[in-house]
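Each structure below is given as C-alpha cells.
Look for subunit A in each of the two complexes below; its partner is subunit B in the first and subunit C in the second.
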Partner chain A sequence: MILQQIINGLSIGAVYALLAVGYSLVYSVLNFSNFAHGEVLMLGSYIGFFSLTQLGVPFVVAIVLSVVGTGVIAIVLERIGYRPLRLRSAPLLYFMISAMGLSIFLQNLTIVTIGPNFRTYPDIISTAPITIGDLYIGRLDLMIFGITLLSLLLLTWFIYGTKMGSGIRAASYNMRVASLMGINPDLVVAIVFLLAGATAGVGGMLFGMKYTVYPWMGTLTIKAFIAAVVGGLGSLPGAVIGAFLLGITETFAAAYVSSAFRDLFSFALMILIIVIRPGGLMGVVSQEKA
Partner chain B sequence: MRKHSWIFLVLIMALLVAGCQPKAAEPEVADTIKIGFFGALSGDQAVWGQADRDGLLLTVNQINEAGGVLGKQLEVIAYDDKGDQLESVNVVKRLINEDKVSAIIGCNSSGRNIAVAPVTEEGKVPIISTFATNPRVTVPEEGTLMKYTFRVCFIDPYSGDVTAKFAMNDLGAKKAAVLYEISSDYSVGVRDFFVKSWEDMGGEIVADEAFKTGDVDFRPQLTRIKEADPDVIVMPFLYKEVALSAKQARDLGITATMLGGDGWPSSALLEMAGEAVEGSYFINHGDTNAPNVQAFAQAYKEEFDKEIEINSIMAHDAMMMLQAAIENAGSSDPDAIRDALEALEGLEVFTGTITVDTETHNPIGKAASIIKIENNEFVFFKQFDPME
Partner chain C sequence: MSPYLQGILILAGINVLAVLGLSLLTGFTGSFCFGQAGFLTIGAYVATLLTMELHVPFAVALLGGALFSALVSIPLGLPTLKLKGDYFAIATLGFAEATRLIVENLEKITGGSRGIPGIPTKTSLPIVLVLAVVASICIRFYVVSRHGRNCVAIREDETAAQAIGINTFRYKQISFFINAALAGLAGGLLSHYVGFIQPAMFGIQKSTELIVMVIFGGMHSVTGAILAAIILTALPEVLRAAAAWRLVAYGAVVVLIMVTRPQGLLGNWELSRESLMAIWNGLKSRFSKKAVGVDHG
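Up next, the complex of A and B:
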C-alpha cells in the first residue's frame, strides 16, 4: 500500500508543481503573490475544454490554444491590475489587493457568462489503469506527470539557457539595477507573466481532464501556493520540491493518520517551515533569488 | 486617470451583465398570495437549486391556471443564496421583512435550512424544505421543535437505515466501507445512521474514510478502502464528488458495489462518471420515471427545455402541501398556514402520502425508492416500504 500511496502522492504533487512554479515566477520578479493565478488556470481549463468540444481540435492543438490563451490573459491582467501600481511604485499590499479583486472578478464573470455547471473533458486517453502486480497507475496520471516534467524542463531551459532568461534572473535580483543595465523592465514583467500564464494553461488542461472544469476551480491553487511557500517563494526548484513534498505529505496524512486531517497537515507543514526556515526550503536570503 | 477610463468601462459593463439576471420581484399586485423561494441558483449546487425553483414555478403556473388558491393568484419571489449559509439567512430575512411572504419553500440543503430555521421562527413564517434531510432541521435537539419549519422529504436516519438493510438483505453484503464528507451535515448524518444500523444488524465496517468539501482527489482514502476489501462502499454525498471518487476508485481497481443517497440523482452524474457508477444503487425519495409524474415531467421539459430532476418533483410536492394548508386554513396568514401544515393528514402527492408528524414535523410513512444505474441510466429497482 505504501507504494500505491507514493504514486498517489507523486501524481498529486505533479499538478501542484506546475502551478507552484507560476506563483514563484511572479514572486521572484515582483515580490508579491499573484492570487489571480488560480483564475488564469480556470480560464485555461475552459479554453482547453471548448477547443476540444466546440472546435473539435486534437488534444495537442487544444493544449497549444490553452497555453497561448492563458499567456495572453496573464499579460492583459498584468497590464490592467498590476502595471498601473508598478508605475506608481505602490506598496506591495496594493498588488495583493488588486490580485484578489481580479480573482473574484474573473470567477464571477465566468459564473455569469459561462455558467456555474461542472463540465467534463472528453476522454483523451484510455481510462483503464496500468497494473503492475498490486499497483494501479492511471494512464492520465502518467501523462500528467510527463507533461508536467516536459513543461518544467522547457521553463528551466528558458530561464537558464536564453538571453531573456538571464534578463529575468537579473531582474529578480534587482529590477532597478537590471534596468540600468539596459534590460527593459516592462518586457521582463510581460515575459514572466506570459510564462506563468502558460504554465497555468497547461495546468488548467491537466486539472480539467482529471477533476472536471468549473468556475471556482482556481481556489484549488491554494495548495500550489502552499507548495511555493514551503519550497521558498521565488525559487523554481523550491516550488517543485515543495509541491512533491506537499503531495506526499497530504497523501500520507490521509492514509496513515486520518483522511479528515489532510488539510490540517498541509497547513501545519507550511507554518512549520515558515517558523523554522522563514525563506522556505530553497529560499535563500532575499538578495539571492531564482 | 483618463488613460484608465477604459478599464472602468469594462468593469461597469461587467457589472451590467451581472445585473441583467432575471429580476425576481415583480411590482406589487394586490390580490396575490406571495410565496418566497430561496435556493442555490448559482454555484456548485445550482443544478438542484434551479430544479427546485423551476419545479415550483411550473406547479404555481398550473395552480394559477386552474384558478389559484382561495380565488387568489400565487406569486413566487425567488432569491439566489449561492449555496452559502450566510446568504440564505440574508435572503430569508428579506423575504420575511421586505417582501412579506405568506410562506417560504426551500431549500435542498440541511446546513442552510438549519441556519435559516431561527430566522423563520422569529419572523413567524412557515417554511417547507424540499430536501433538507438532517433530523436537526426541524428538531435541533431532543425535545425541541422548530415550530415553523416543515419538510417534504424523509430524513437521514431512515436513509441510512434503508441503505444498511438493502445492502445486507438484497445485496448480501457483509463488509462495508464508508466514504463521507466531513464538512457536510447531511453526509455525516447518513454515515452515522448507516454505521449504527449496519452494526446493529451484525455487519462489519472495514473502512471509514472522510474528505472535506471542495476536495478533488480521493485516492489516499480509496487506497485504504481497497486494502480493506469491502463488499459495498457507502458514498452519501453529492454528484460531483461521487463522479470524481467513483472514477478514481475504479482507476485503483476497486470493484465493490457503490451505494449512494439522494445526493446522486442528477443527469450530470451520468455524464461525469460514465462507466464508473455502472451497477451502483442509490436510495431516493421518488422516481422521475414513475408513471404518476410523467405529465408533469413532460410539461417541465416543454417549459424549461431540460430534463426533470427529482428536486423539481419535491418542490412540486412541497407546493402541494402549502396549497392544501392554505385551503384548509382558509387564509394566507402565515400563522394560520403553519397551524394547517401541522395538521396535514393523508395528502396525496407525487412521492407518496404525506401526514405531518406533529412532534417532529417530518412526513410520516413515505416510501423510499431504490434506483440502479444501468447502461448509464437511472432505472427504478424496487420500492422500500417504511414498515419493513
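Up next, the complex of A and C:
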C-alpha cells in the first residue's frame, strides 16, 4: 500500500518537476515568477490536442509541434510583457503584475475563442495497468514518467554541458557582470524563455493526456509553483526535489487523511518550508545590503 | 432611483471597500497580495453566520466579520510578511485557496460548496455609501500621514527604510491588518446584499479582479483605486454584450499599463483641496487666454 502510494506520488511529482523547472529557470535569471507559465502550458496542451485530432499527426510529431509552439509563444510573451520592463529596470513588482495580466489575457482569450469546454485527448497508449504483485502501474503514468525524465535530462545537459548553458548560469549569478563578459543578455533571456516554454509544452501534452484540456488548466501549475518555492526558487535541482516531495505529500494526504484536504497539505507544506527556510530547501537567501 | 442602478452603486461601494486596503497594502506598502478573496470569504461567512445563527444586529455582524478577518491577518502575517515579493504573493494566494477549501469542507457549518441561501438582505445603499466614504477618507488621510509616508518608504526601498529607523515589519503588519479588516467588512456587506454565498464566489478570479482595480487606478493613488473600483464595477454592466471579452481586455490593459504607464490612470494624483484648486486655476487661466483671443479677433 505504501509502495503503491509512493509510485503514485512519483508519477504526479514528475510532471510537477517538469513545470517547476520552468518557473525556476525564469526566476534564476530574471528574479521574478512568471505567472503566465501555466497559460503557456495550456496553449501547449491545445496545440498538442489539435495536432492529434485535426491534423492527425503521430504522437511524436504532436509533441514536437507543441514544444516548438510553446517555445515561440514564451519568447513572444517575453518580448511583449517583460522586455520593456527589463530595459528600463522596472521594479520586480511590475514584472509580477505584467505576468498576471498575460495570464488573465491568455486564459480568457482561449475561453472566448476556443470555448470553455473540456476536451479529451485520444488514447495514445493502452489504459490497462501493468501489475507487479500487488502494485498497479499505469502505462500512461510510466510513459509520462519516462518523457519527463528524458526532458529533464536534456535540460540538464543543455544547462550544464553547453556553452549557452554556462552563459545562462553566469547570467543567473549576475546578469550585469555576465553581460560585461560578452554574454548577450537579450539572447540569454530569450533562450531561457524558449527552454521554459518548451518544458511547458511537454507538460501541457502530458497533463492533457492524463486529465483533459480546458482553458483554465493553467491554474494546475500553482502546484508546480509551490514545488519550485519549496525547492527554492531559482534552483533547478531544488525544483525537482520540491516537486517529488510535493507529489508524495499529496498522495499520502489524499490516501491517509482526506482527498478533499489534499491541496491544504500542499499549501501547508509550502508555508512550513518558507517559514523554516525562507529561501526554500535549496534556494539561496539573497541578503540585501544597504 | 431604479433598483438596478442602486444595485450597481452598492456593488461599487463594496468593491471600493475591498480595494481600499489593497491599495494601502500593495500600492503604498509594496506587498503584492494575491489573496484578497480569502479575507472576503472570512468576512462574508462570519457575518452571515452571526446573523443567521446568533441573530445579532446587522452592525454587530458586520463588525464581527471585519474583526475576525483582521485577526486572521495577524497569525498569517507573522511568518509571511517577512517574505520577499514573490513568496508573499504566493503565500497569500495559498491562504485564499486554503480558506476556500476549508469553507467547502466544513459542510455542517458553512453548507459546503452549495453555500448558504436565504441570508436576510440588510445591506442598503446609504449604509454602503457611508461606510465607503468614511473608509476612503480614513485611508486617504492615513497615506499622507507620517505612518503612510513610512509605508511608501518601505515600498521604495525596504533596506533603506529600515536603516533610517522605520520598523518595517510593524508597518507591513498594520497595512495587512487594515486591508483584512476592510475586506472582511466588504465580504459581510456582499453576503447581506446578494442574500446568498458560496465558496465559488471567492475564487482566484475575485482576488485578481480586485488587484486589477488597484493597478488600473494607479498604484500610488487612493483616489485612483476608488475611481477604478467604481468604473470597473459599472463598465461590465454598461457593456453587457461584450461581457465575455471583459476579462480578455482586463488582462491586456494590465500588461499595457505595466509596459507603458505603470503609474496607472491617476499616477499619484490625489483628490484634495490643493489639487482641485490647481485644476480650477488651470481652467481659469485657459479660459482667460481664450477670452483674450476673442478680444484680438
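The criterion applied here is as follows: the second predicted complex is superposed on the first by the 284 of 290 C-alpha atoms of A that agree within 3 Å, B and C clash if a C-alpha of one lies under 4 Å from a C-alpha of the other, contacts with A are read in each partner's own complex, and residues count from 1 in each chain.
Keep this in mind: a residue touches a chain if its C-beta (ideal position, glycine included) is under 8 Å from a C-beta of that chain, and two chains touch if they have at least 3 such contacts.
The structure displayed is predicted, hence computed values, not measured ones.
Of the two partner chains placed by the overlay, only subunit C lies in contact with A:104; subunit B stays clear of it. In the superposed model, A:267 lies in contact with subunit C only, and not with subunit B. Of the two partner chains placed around the shared chain by superposition, neither subunit B nor subunit C is touched by A:187. Of the two partner chains placed around the shared chain by superposition, neither subunit B nor subunit C is touched by A:61. Once the two complexes are overlaid on the shared chain, A:214 sits against subunit B while remaining clear of subunit C. In the superposed pair of complexes, A:129 makes contact with subunit B only, with no contact to subunit C. When the two structures are aligned on the shared chain, A:177 is found in touch with neither subunit B nor subunit C. When both complexes are overlaid on chain A, the residue A:153 reaches neither subunit B nor subunit C. In the superposed pair of complexes, A:3 makes contact with neither subunit B nor subunit C. On subunit A, the patch touched by subunit B and the patch touched by subunit C overlap at residues 80, 84, 105, 108-109, 111-112, 219, 258, 260, 263.
Per the touch definition, subunit C reaches subunit A in the complex via residues 30, 32, 79-80, 82-87, 89-91, 93-95, 97-98, 101-102, 104-105, 158-160, 163, 204, 208, 211-212, 215, 244-245, 247-248, 250-260, 262. Across the complex, subunit B meets subunit A through its residues 4, 7, 11, 14, 17-18, 21, 42-44, 46-47, 182, 209-212, 214-217, 219-221, 223-224, 227, 240, 243-244, 247, 250-253, 268, 271-272, 275.
Those residues of subunit A that touch subunit B in the complex are listed here as 1, 4-5, 8-9, 11-12, 80, 84, 105, 108-109, 111-113, 116-118, 120, 127, 129, 131, 136, 138, 210-212, 214, 216, 219-220, 250-252, 254-255, 258-260, 262-263. Per the touch definition, subunit A reaches subunit C in the complex via residues 27, 32-33, 80-81, 84-85, 90, 92-94, 96-98, 100-109, 111-112, 219, 222, 225-226, 229, 233, 258, 260-261, 263-264, 267-268, 270-271, 274-275, 278, 286, 288-290.
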